[in-house]
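Letters A, B, C and D mark the chains in the order given here, with residues in each chain numbered from 1 onward.
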């Protein structure tokens, strides 16, 4: 009953197979391996972006921070939601990699609205040397609350950015879960919707540790390469990153895994709807569920071995509702979900 | 005939086996996995350092830069050789991670001497707010020229550092090759010889991408953890790092691999001694060979598919000697070496 | 009719006299001048802090950023108000000097409350390597809206900080205006109220460009000196900073000037109360007045040569109220104020 | 008998007069004062550079570090002499302001030669992501050993830089002393000789604390302004910087002061030539003299109150020669020099 995160499961069979297949003989290091050529080519096709600059990094935070740093001057501010992973969960990696940029928090939720974004941008006066200078907009897709920006929502936000000539970055740690939820193409959810650069997550969806970084404008390529090396994120045995991504893309394994994860979450959510004392905090749209339960129920679930995120201590008023996060990856079994639901409904 | 580096070979069977074995079910992320507990315990035993703080990183540059940054204030200078990897080959990762520390180059070779070190330290006056402040000593073992510091040499250098109360860092990307060359224990080559912190390399000796960081003084632990996360080097699916190190340590696979690599290099070096126009630049002591050959010979070797490092262009005076680097890892076959030697002696 | 800021007036006669008196012969550079010894001694007496480490910087931003950086690790967050000068008006100097610390905005006003502070601190979970780590509390006294924290308010906020073992920094760019408003002693408004370090402003109150930095715990001294030099803020001809501060402290010139500035603002505010269409945004407590006036009135005032801060364009709905800031320094004449009031009341 | 540095003397009468004249009424802050307009215009005329971007900073280290940072990416290396002030005397300000750039030391003296520069540049292979990337050349004029690059020497060095498309920065802390020594025009010693950006020193030659920064290419202007503010070097009461520079430029006071300083040094040097046990370390060409004397002589001089730089302790072998630095500014009297010479010759 492991619902703590999608960052803890095994490799998808296709990823593992590719990794093992790559593990033979000597391969040219530092990203010049033949598998990377194939990966780059596939991603360009997939994103309908034949000129895109494409790189791999081993952690989501690295992909985010290096990409943002390439788009952001140290005296600029990044506009993001107050729940953004880059703000809450990366121990200042964005600030570190940008050399001291600021994060301006937009709105008060996981999703920002165009009006909130415009207000936030206007709050920093243009051309004032004393103020933070306006920088990129960063959107997380799937959001940190498990919701998915629609294409219309994305386009409305990137239009605001465009009004101010600001670039748009997408933290796509759960890109695939959002994509299959929307049923659109990778290009539609990115550059056709005004996104300039992207972290394309693999780790949370069947890889051991790999994310692709995609700049739709290749002008950023060399600077990114220098930043990646300077950040100590250029792998000598790079083929082990390439191979993971190769297996991930093979026969659309990435979409298949995302569909499985979302279906698992939907199945779990459906079961949860029968639990009267449970309240959804946000409508589940991908593979994450946020809900509240009385503390005494959590206590019982934890005692029985269920593992998931909890915003509060197990001690205290037994009736008080406490927020939880349940995440399903592709690998979780229906049996586990059923066990959990049965336990909950006891 | 791949002698370009030891950063390009496959996983050692023991490493691969452990990686595959670990790839099942969900595991607690971010370094709290059970395999890491085992790895930590083994390394502490191996280094006779029950209190040591031990971490994993995926690249050698990350291990070096994060560890150095933990030991160095931004206004301090690191004392290293002018050939040090941290100076020549890390695109300012040490400067980045330390927040702008300087590297003071000691001597003019891969190895520094105690006198050179003392002179370099004295060159920065103590307590002068205008000057660089004295910081850690960084030694690479095996050196960048394939030589090995003897225990006496290490102790003499760390004694100089101790005279000034400066910490000593060892870049052990090829720690195992040095250790088996010296035939000493891990403790003897580190804390017993005055080393305070260490990068213990795995990647160049049979791992896919993992290095251990060892602080013999655990006071640095929490700061290192923050630096690692802020640098985006904390893996969510950390078990894939843990498992590599587990397999690497299993049944002394790391020493066996290093012995194989050194033996390969010795076998190659023995063959090279029969080549009259070849001159060794440094006496090979581990798994790297630096030598010169006339350009025309290099041209012939490259045309035949030999891959190795070269300090100069293949065009130009055919008789001019050009420096080359040949590296053997554990996985290179005697056949490949024989083919190369035969080709060379044609 | 210059009410734009208190950063634009001339030197107080006492400051100028000291500056000119110091301008003779050679003086030991870099802060080792005899006048600095005298200044240090006086400030220690004045603050009843015989051990305090005391330095001078030439700009308020330098004093703030260097002092905060000495108190803050790069992975920590500073708790400040959303209107704080360090957040709004220093172009990321705090982020730059701290090496990428974050600023967490507390509450939604110039003053924070203890409850807001506690909530903000609790929002960053302790000991979570992914999160921002809790760092110093930064309070501005006089606030950016011209209000003054009472001693009780200060003590209540620093008590919250103390509950979490966090240091407290005071941005005292207008320290003297606050002090004379409260009628307390320097010690009472600082270390006796739980403040650990302070920017003691001179520039806005009669100096040409000097602020004192005071650490009540001298353990920070050497690090601050290194940071100041590394930040290029150590003056060779330091006596010209020392002399300004000497003249500023001489015969309590600093308090006299602050009293004059506050009295000027009170006189202006009294006149403003007779203007029906004027609304105070915050009750003026020191030397700054925030109020709203219809746009058409601003237009008339500007056309007549009045200079002050305005939050909006002069074009647009003539009846719409627009916020303005009026600042009085010690040097503004009652004639100017009378002229302005007469103009306003036309 | 103060020969320790030219950073310790009083203001030149012209500078002081301008400072006092400026000290009246309110002036627009942050560099928008009318005096700055005049200063900018004069410097553009003086340098025959009508488009140049011109700023003021209060310390030489600020002028150097901010200007270099504007020209240097964090992954680039600055080429400078091993004696360069930016390397030896600024406590990592260049590393701090550039975000971790490296300083590559060229040659082994105060002056570098074109061949040494070319070798140093070639030592960092172009386009290698692992290496330091080639960045600006930094030349100090007058050098740190009191020598002056001839125009031919400057042009030969900047030509090497041009061959690699690298910008050239001049640390002109003693620009005026060099200029009057060469008898050329400001344009000839800068952009006509291939210099792209300059610190034009005032502090060491009669100002209280002001340096001009000059970019001959104004494309750098806005970035510099942001860097200056972010570095906390933008003065609110900027007129006090402007006025110093105004007085400095008035009636060529800067050249007159430099001529006086150089003449003082020449007079002193002439006297020193009669001291048999004194050996010049470098031929004095501007206002600094480097020479050696037996320790016992130093002891005598110090006991008599002479103040100057010394590379060694006063205790030890009395006959051993110790290096000293004697600096003359414009304000030192011939009496002081005569007294010193008489004392020396006793």
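Here is the rule we use: a contact is a pair of C-beta atoms (placed from the backbone, for glycine too) under 8 Å apart; a residue touches a chain by one contact, two chains touch by 3 or more.
Just so it is clear, the structure is predicted and the values come from calculations on it, not from any experiment.
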item: Between B-C and B-D, the pair with more C-beta contacts; value: B-D
item: Far-end chain from chain B, centres as C-alpha averages; value: C
item: Chain B and chain D, separation of their C-alpha mean positions in angstrom; value: 41
item: For chain B paired with chain C, centre-to-centre distance based on mean C-alpha positions, whole Å; value: 51
item: Touching two or more other chains - residues of chain D; value: 74-75, 90-92, 96, 99-100, 129-130, 133, 226, 229-230, 234
item: Residue ranges of chain C in contact with chain B within the complex; value: 30, 73-75, 99-100, 129-130, 133, 225-227, 229-230, 234
item: Chain C-touching residues of chain A, taken from the complex the two chains share; value: 74-75, 88-92, 95-96, 98-103, 105, 129-133
item: For the chain D and chain C complex, residues of the former touching the latter; value: 2, 4-5, 7-11, 16, 20, 23-29, 57-62, 64-66, 90-93, 96-97, 203-204, 208-209, 226, 229-237, 240, 307, 331-332
